[in-house]
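In structure tokens below, several structures.
Look at the two complexes coming up: chain A is in both, with chain B in one and chain C in the other.
For the complex of A and B:
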């Protein structure tokens, strides 16, 4: 393996040496995908697993994933949250088949090994053998100790009602992992109020998982692809906005404040000349955009109407006016991922606010007025990557460098993510777990 | 589940026609036809079975007026970028579960929707059950409520056209 200015150890060619020209091959190779799973999802990183409100009572559980590994988020009798891998310690069976439920123990049906919600092995049938004709037949060896054969336990962190897990028990604290900049936006949304679950949407997108991270690190497309955003001023290049990152440039927040609807004047007029802007478009039922500002939107002297936070690698936190959700990225091979949306509200929401969140949810998800076409463009990008892996994409809006901005006319967040990606992916195997 | 309600032949025939005409309309590509099957203050929801059965209110699409359906039609025609596809509904015979004191018919029917993209094979796209409230209007039977509860919870990328 060789390392040059433009080639990583896996021989990817980065044109220009930086990250403004992204090789198609980062999306098309199964071996590279396995390395990503290992280095981003299973080591050194925190992954989203769910919301505390999904398992409110002792014994509640939810089956979910970290990377491509099946895990179970449980709440033990003492109220503690645990995350254990859904792999029986005996023969490796993925034993938990229900998506959610309540139980005092998990039993693998194959040989009925049973586990407590924290993953401790509590029962092994025929462990001491079977007495027959005065002698004991079989059984586990005398030195078999159930304590050595629990389920794989993940490290767990809970903040603001959101549950994260890591297979890597040496991982830094969740707060250090997010970094102070991103943490402020996280705490703005998850500010300690109890969450209420409104429900789920699930979609399978036939594209590489990183494309979804990039989609929400890309403030260039929403005011162009999404007619609703540009026409109703929800997301436009002339809105007041900021792009923020953690020190490693792996996480990001796109912050925007809703501007004027309709035509703009002066330089801003450029944004209403884009072909997706529809001057005459009006809603027959304006309740889709019955937006009511909420006190928690305020951060210092600013009141953003949208904050889209990407936490690398596994999750997106959405606030778009009154609609809030988590979007969980669940890879399945290099060419597809499942995208699971959990819409929520807050315990102090009035019935009218709940109605409003549910109605605004029409903009998002697999059929949403805005989001449906994000899945479509990701699918068609992947189609081209697979047919031409030696080619590269461009991400040069706003320059070739990486840095925070007070506007959204830039692809800096994508360049930042690949700067981090290269550091981790190009590190030699023995240092890969040491974070830059 | 309540037992089926007896209805006369004219009602049965009108109901069959409503369900068949609806399927024909939403498969035709003429999206403007879709809202005409509903009352002005209708409710239309497309909801994963999980949310329905667990009592979560979120729907994948949730409209509570005919005007919202027309806004959706505008979205399909003018604002939603998507791969074009044909769709084909196969709808089972509706069964009337109840006639309420306002004379509204509470019906249900299974459905399957196949999707065919221009360069691909036909695939099973969305499978579920309609839970409906049908009312008699001067123009004939219309849906006051149409709840599509779908088993196909893992949506193959996106749903653009009406189910």
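For the complex of A and C:
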């Protein structure tokens, strides 16, 4: 076996030199985690912050995060969307506590510094001092200019009703960031129709944030782990499918097309080569699988019934038949992340379609018939990583190389993600941004 | 119906800032600008600040907390973040005393 010495600040040992054997230590080291935040979340990348439909009116805001930094997505009086950091310019306090709201200003409770929704500092208590016995005491220095002390503003990009932000104002355009391949699948889902918010799921998963990206870059597990899919016929390992990536291999789309327009076939034996021990099981309420094909599913000559798009590092865009959602990955240390699901629909949905999307959303989220499994396996994986960080995981299904495929029997997307991860993490400090 | 009440001596006022008076439980600020006296509600309509501690700019009072401004003659909010007007009270000076009409 060959070993390749790593250059740069990240000196992990990658068995075989490629990315098919992933050191457990990528998931366990706090210092490495800090470098990931710096290089993936705070520099050179776009992060998901929310949907325009969450803040439809002037003054609306939503508190969320970029990486581990608290930010607020706001809509100013002129309708413009801003993303500002939730850190008071004075003493650094996270002043905004509400998750959602409507306001004309943000006031830090500590010293009541006041900011407009676009992050401008509008007033500072006792700026000109306090008058006492005919003389003015204290106050800010004469050269204190409120314009110099607004909130940190992030660069904002909005496409198809989805809002992204970056602390890095030199970041490439959102479109270049996604790349043409991924952009097609993004635009298929977010094709200009106004979105409606159906609801949220929030969960804390005690595992490294990358495991969630890997989970949705892994078409190997759904037909094996998710017995619900298998039992009720929503997944076949031999579905017509494609795996696509951007040029950097950091983003991906898993596209799968079931015959008969996404209808579940019902019988486990017809669904997977893996036999189900629960073949006789029936849904008490079959409406969970009341699938109705939609015109927007069509892309060129294909009509995918499920497209799972991973946008590195922060978000997953889900279409599983009629259930559509964004899944926001919010790291909290190397060993945990919050996973926030925003279930949405479209303004032109009929009431029946809205009901259908809501019913199918039961498959997802922390207690979802399918997604509950993922939270658990990520937790149990992390437990093992922490107990022997010198070991490594294996991702060699479909080979050791990275490339797009027209089948699902491969872990190529995980290898691709780590190819990009290594490029960024192993770069010397001054070239950490490997943007083209 | 007028209800003029003696609230302060004219000599208590000074240029550039205000003083607080509280006739009949009303929290009112008095200002003297180039010999002319103004009376307004003392409480800022924006934040929990007293306008008597503010700074006079021309015929406007600047709130000491967030630098919102109000016109002393009309009570109108003239600079953000102030947006709601403050109440102005009829005021006159007679024989060295400041009188307010509390209605």
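Simple rule for what comes next: the second predicted complex is superposed on the first by the 399 of 436 C-alpha atoms of A that agree within 3 Å, B and C clash if a C-alpha of one lies under 4 Å from a C-alpha of the other, contacts with A are read in each partner's own complex, and residues count from 1 in each chain.
By definition in this document, a residue touches a chain if its C-beta (ideal position, glycine included) is under 8 Å from a C-beta of that chain, and two chains touch if they have at least 3 such contacts.
In this text the structure is predicted, and so the values were computed from the model without any measurement.
Overlaying the two complexes via chain A leaves chain B and chain C side by side, clear of any clash. Looking at the shared chain after the overlay, A:114 reaches chain C, while chain B stays out of its contact range. By the touch criterion defined above, A:59 lies against neither chain B nor chain C after alignment on the C-alpha atoms of chain A.
Of the two partner chains placed by superposition, only chain C is touched by A:105; chain B is not. Of the two partner chains, chain B is the only one touched by A:199; chain C is not.
Touch counts on chain A: comparing chain C and chain B, the chain ahead is B. Contacts of A:160 after superposition: neither chain B nor chain C is touched. By the touch criterion stated above, A:150 is placed in contact with neither chain B nor chain C.
When the shared chain is aligned, chain B comes close enough to touch A:362, but chain C does not.
Using the contact criterion defined above for the overlaid structures, shared-chain residue A:124 touches chain C, although it does not reach chain B.
Superposition on the common chain places the nearest Cα atoms of chain B and chain C 27 Å from each other. Touching of chain A by both chain B and chain C, each in its own complex, is seen for no residue at all. Taken in their complex, chain A has these residues touching chain C: 104-105, 107, 112, 114, 116, 122-128, 130-131, 134, 146. Residues of chain C touching chain A in their complex: 14, 17, 47, 49, 53, 55, 62-68, 80-81, 83.
Listing the residues of chain A that touch chain B in their complex gives 99-100, 197-206, 225-228, 276, 278, 281, 283-285, 287-288, 338, 343, 354, 358-359, 361-362, 365-367, 369, 372-373, 375-377, 379-380. Chain B makes touch with chain A in their complex at residues 46, 48, 50-51, 54, 56-65, 67-68, 70-72, 74-75, 78-83, 153-160.
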